[in-house]
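As structure tokens, here come the structures.
Look at the two complexes coming up: chain A is in both, with chain B in one and chain C in the other.
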Partner chain A sequence: MKSKILSIPYIIWMIIFTVIPLGLVIFFAFTTQSGEFTFSNIVAMNDYLDVLFRSIEFSVIATIICLILGLPVSYLISRLARGKQGTMLMIVILPMWINFLLRTYAWMTLLEENGLINRFLGLFNVGPFNLINNSGAVILGMIYNYIPFMILPLYSVMTKIDESVVEAAQDLGCSGFHIITRIILPLSKQGISTGIITVFVPSVSTFIISRMLGGGTNDLIGDIIESQFLGNSYNPHLGSAMALVLMVIVILIMSLFNQFGSEEAVI
Partner chain B sequence: MENIIISLKNAIVDFDGEQILKNINLDIIDKQFVTLLGPSGCGKTTTLRIIGGFQQMKSGSLYFNNKDITKLPPHKRQVNTVFQKYALFPHLNIYDNIAFGLKIKRLSDKEIKSRVQQTLELVNLIGFEKRSVQSLSGGQQQRVAIARALVNRPKVLLLDEPLGALDLKLRKGMQIELKNIQQELEITFIYVTHDQEEALTMSDTVVVMNDGIIQQIGTPIDIYNEPKNAFVADFIGDSNIIDGIMRKDFLVDFAGNSFTCVDSGFEKDELVDVVIRPEDIKIVPQAQGKLTGVVESVIFKGVHYEMMVESSGYEWKIQSTLHENVGSLIGMNIEPMDIHIMHKMEDKL
Partner chain C sequence: MNKILSRTITSIVIAFLYIPILVLIVFSFNASKSRANFTGFSLRWYEKLFHNDAIMTALLNTIIIAIISSLLATVIGTAAAIGINKMKPITKATIMNVTYIPIINPEIITGVSLMLLFRAFTVYSNFEFGFVSLILAHITFNIPYIIYSIIPKLRQMNPNLVEAAEDLGCNARQAFFKITIPEIMPGVLSGFLMAITYSIDDFIVSYFNSGTTVETLPITIYSMTRKKVSPEINALSTIIFIVILAILIIRNILSNYKLRKEKQEYLTSRS
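Take a look at the complex of A and B:
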């Protein structure tokens, strides 16, 4: 009984800020401006399928790169002395203390045609390269912003791997490569799947980053949804329909992914 | 001639400037059950980790069958380890835990299966193949850890306080089982423990360590009966350690009396430690005792009574199957061969 009482504040919060808004999104998605039931908003998504696929493609790439970068870093941090682990995690999280827009502006000044990187390369008569306003820059922005969400869950499972288990594997004939494939990765599975979800979900609904670094030709579904509510193409009904479709797709992908993950756990 | 399988020469290990091993020399004889015994922090586990390849030495070298393996990484050594907290792989079932080393060596499935089966039989775990590590009791996990190491047929098995987490009864059972396994497989066991009884029960050779130094190497009987110094005497079994003066060969003064003893070769009037086992002090009527004392406490210990007796400024521990009442005056006699004379430890260090 007590536990139920303790959960009441959050339940109220959730009803007001999650359940009711979700209901409104669904309501808007299936109605016209005059309030009649319709599928036309959902059908209109057809025109934006390319944007939707681009969002998924970019976020899949960003998630994979975050995973590849995050795994070794997380492992190294988890093997450091306790005190140093805290410092290293601080450094990983530090960028998140700076305003998200500022961080992305900073990337613009770095990547611009006469930005810092090109000017530096210019000293050696290399370049200038086209570093911004392309898909790579958008993916870079995603990785930069979301990689802490990969490293933190990975670190938290890896730090629980007992050093003596690693030593036992060495003792039984494991070289460095086998230790990674047979011990570290299997024991980090929970962190890997959490990390993938916490990077993929915000990536797929990214906006602003894509507009600032993508130069208008790499808009993602998040940008389109935003413009339905705040932009000149104001249409909250279409916007709601898009948000709903995106949510359903994310849930589908995640449940497929979890299915795969849990099956693997059984084997 | 006995074959020396592992030889550690002039091993020195530092942790943060503190010397953990101070120039250790140790030869391990093939097919023996060797125990490294000492209090925590004495360097016994560090010594084991050097042999396993997990601890680098500041200086010194390690030979395996006369081959220098000082720089060889752990996965290339022909030794396997049973870790203190078992260190089983939590993501694998019992079968896969035990088969792990064989799979790394790419043996055929058939070979792996038969060897795992054999080893399961050896440690009495038939039928546990599909169980998860978490579903096993501490004693069972310990058996898996032993099986996982033994299945690789190592020349030398290293065991780091493997029974430390088990309850007394289980520990006694496992001690006998381990000894049987060692004799059956005819491989060398190097066993680390701080439990002197465990060391005496199982070992062919006991290596007593303290403060990063080997204090004594010998058979359990040697170590118990002929401790080399007061530390060994005190650590192995109970002892009364009393200050004495060696008057001449076979004559020692302590507790205000002169005693004949069986030791010789000390300097004249050398200050010595006199070690007397509590069970070697005979209680006699006061008039017949060379020493007299007052019984201060009596504790029933099961097989015997343990009495603390005040005499000539020392607290004497006496073990006897009979007991005297607290406060009574008693006489105490000691046979010459039960008086063990040792150089003062300060002289040695």
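Take a look at the complex of A and C:
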């Protein structure tokens, strides 16, 4: 009974630094600079619909590619011997320990007009291609930064799939394709939905990747929010409205995919 | 055929993950400033890195902020976890859901929402953006990781242990420090390490809450990347990569060694 008191400092902290700030975002989103209630910030989002759709489009593409690449990788790792699984996982996680700014910077080096890839292609008299400052480069940056977030949850459910279930299906005449669609994918549902959330959420809200690899012409919703708070077009009210819209998108995606496989929550 | 395909994809993904890092490492030893021409081996950029005051100050700031915020988060979070564990299911679920917010919320929203709060502070008091705002922000996103790594340990703990200690003459405080704390210590430690890592690595939340006077390492890195050519970044990445690689390899060797030892003990105990 007494030990409940121990959580009071945290509950106060949580209210001041988590609940109130989110309340402030909502408050700013619906007020003018003089503090009057308004919908104009939300209505002003109309001008940024293209940016919003671009953010969603890019992150959906990145999430799908991460899923397609992540499935075979995770399955392969999950079927290795125990010790090897650990090593392979470490190989996948290791790049995540390097700050994402450095990882994204590395791609700038590779993709530039006279970067390494173009110089390499130049040896065969091909190119130079315009590899950076386009939508493809931004999506590539998202995939590169967040694909481990797809592989990890997939691996953690796939490693629990009993090999004998797969063998039983094979014995009963299941083809390779049907083993994937009828056994592996259904049993990995939970990992797939967790992976989709953990790749989609940071992708749709990023503002650095688009700035470093998109060259200013591929601004995403994160860039616009950032510029409302720190950039030239300072307007925290509009910025808050955008943050609110972004939050709604994230909540929608999460409820959609959490429902999809919520039998047991894995964190 | 299936196996060949998945092996090929895995190799491609791993190459994809490592090629950019390898390029950074190779070019950190480049004699010239070029990011595309390797003109000769040199340690010039490492020397420059260690003489770069901005980077060294930022590194120090990062370490100070990470240690202070992780320690405070660990104290608040550990106490919170113990209290939450004793609550009624409904209260517990509510608090855990709010605790989950900083983990799942896009970082940019955590960043701007705290910025709005701190800006309100500056209006109503002489609060300023800087060390304090950074530490407060870092504690806020660190506490949930601490709580989530301790709660499972509390759940696994045998509740009779505390009662037994009390029956044997411990008072509540002694039982707490002699039973509860040692039992949950692995969770506390792993939460603390996670907090330190997240704190050192954080860019987005810090970016919105650092103000103009204090820079952490990721913020300095960001301003360097904007200049396009800064070979010191390559040197810095290489050092970070090698330190992390060393830590992980040592950890892996230790855990393998522990596993083998446990297996041996198990086998000898059975024979």
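Assume the second predicted complex is superposed on the first by the 238 of 267 C-alpha atoms of A that agree within 3 Å, B and C clash if a C-alpha of one lies under 4 Å from a C-alpha of the other, contacts with A are read in each partner's own complex, and residues count from 1 in each chain.
Everything below uses one rule, namely that a contact is a pair of C-beta atoms (placed from the backbone, for glycine too) under 8 Å apart; a residue touches a chain by one contact, two chains touch by 3 or more.
Predicted model, so just to flag it, every value in this text is computed and none were measured.
*Asks:* Per the contact definition in the header, classify A:F257: touching chain B only (first), chain C only (second), both, or neither.
*Replies:* A:F257 sits against neither chain B nor chain C.
*Asks:* Identify the partner contact of A:Y105: answer first if only chain B is touched, second if only chain C is, both if each is, neither if none is.
*Replies:* So A:Y105 only meets chain C here.
*Asks:* Which partner, chain B or chain C, touches the larger number of chain A residues?
*Replies:* C
*Asks:* Which partner chains sit in contact with A:I183 here, chain B, chain C, both or neither? Use first/second/both/neither.
*Replies:* Touch status of A:I183: first partner only.
*Asks:* If we overlay the two complexes on their shared chain A, which of chain B and chain C does A:Y75 touch? Say first, second, both or neither.
*Replies:* In the superposition, A:Y75 touches chain C alone.
*Asks:* Please write out, lowest number first, the residues of chain A touched by both chain B and chain C across the two complexes.
*Replies:* No residue sits in both footprints.
*Asks:* Spell out the part of chain B that touches chain A in their complex, as residue ranges.
*Replies:* These residues of chain B touch chain A: 52-54, 73-75, 79-81, 83-85, 87-91, 100-101, 104-105, 148-149, 152.
*Asks:* Quick one: in the complex, what on chain A touches chain C?
*Replies:* The contact residues of chain A facing chain C are 1-11, 13-14, 16-22, 24-25, 28, 69, 72-73, 75-77, 83, 86-87, 90-92, 94-95, 97-110, 112, 114-116, 119, 144, 147-148, 176, 197, 201-202, 204-208, 212, 222, 225-226, 229-230, 236, 239-240, 243, 246-247, 250, 254, 267.
*Asks:* Which chain C residues qualify as touching chain A in the complex?
*Replies:* Residues 1-2, 5-7, 9-10, 12-14, 16-21, 23-24, 27, 35-36, 76-77, 79-84, 86-87, 95, 98-99, 101-102, 104-110, 112-117, 119-120, 136-137, 139-140, 143, 147-148, 172, 176, 197, 201, 203-204, 207-208, 217-218, 221-222, 225, 228, 233, 236-237, 240-241, 244-245, 248, 252, 255-256.
*Asks:* In their shared complex, at which residues does chain A touch chain B?
*Replies:* Within the complex, chain A touches chain B at residues 162, 164-165, 167-175, 178, 182-183, 186-187, 189.
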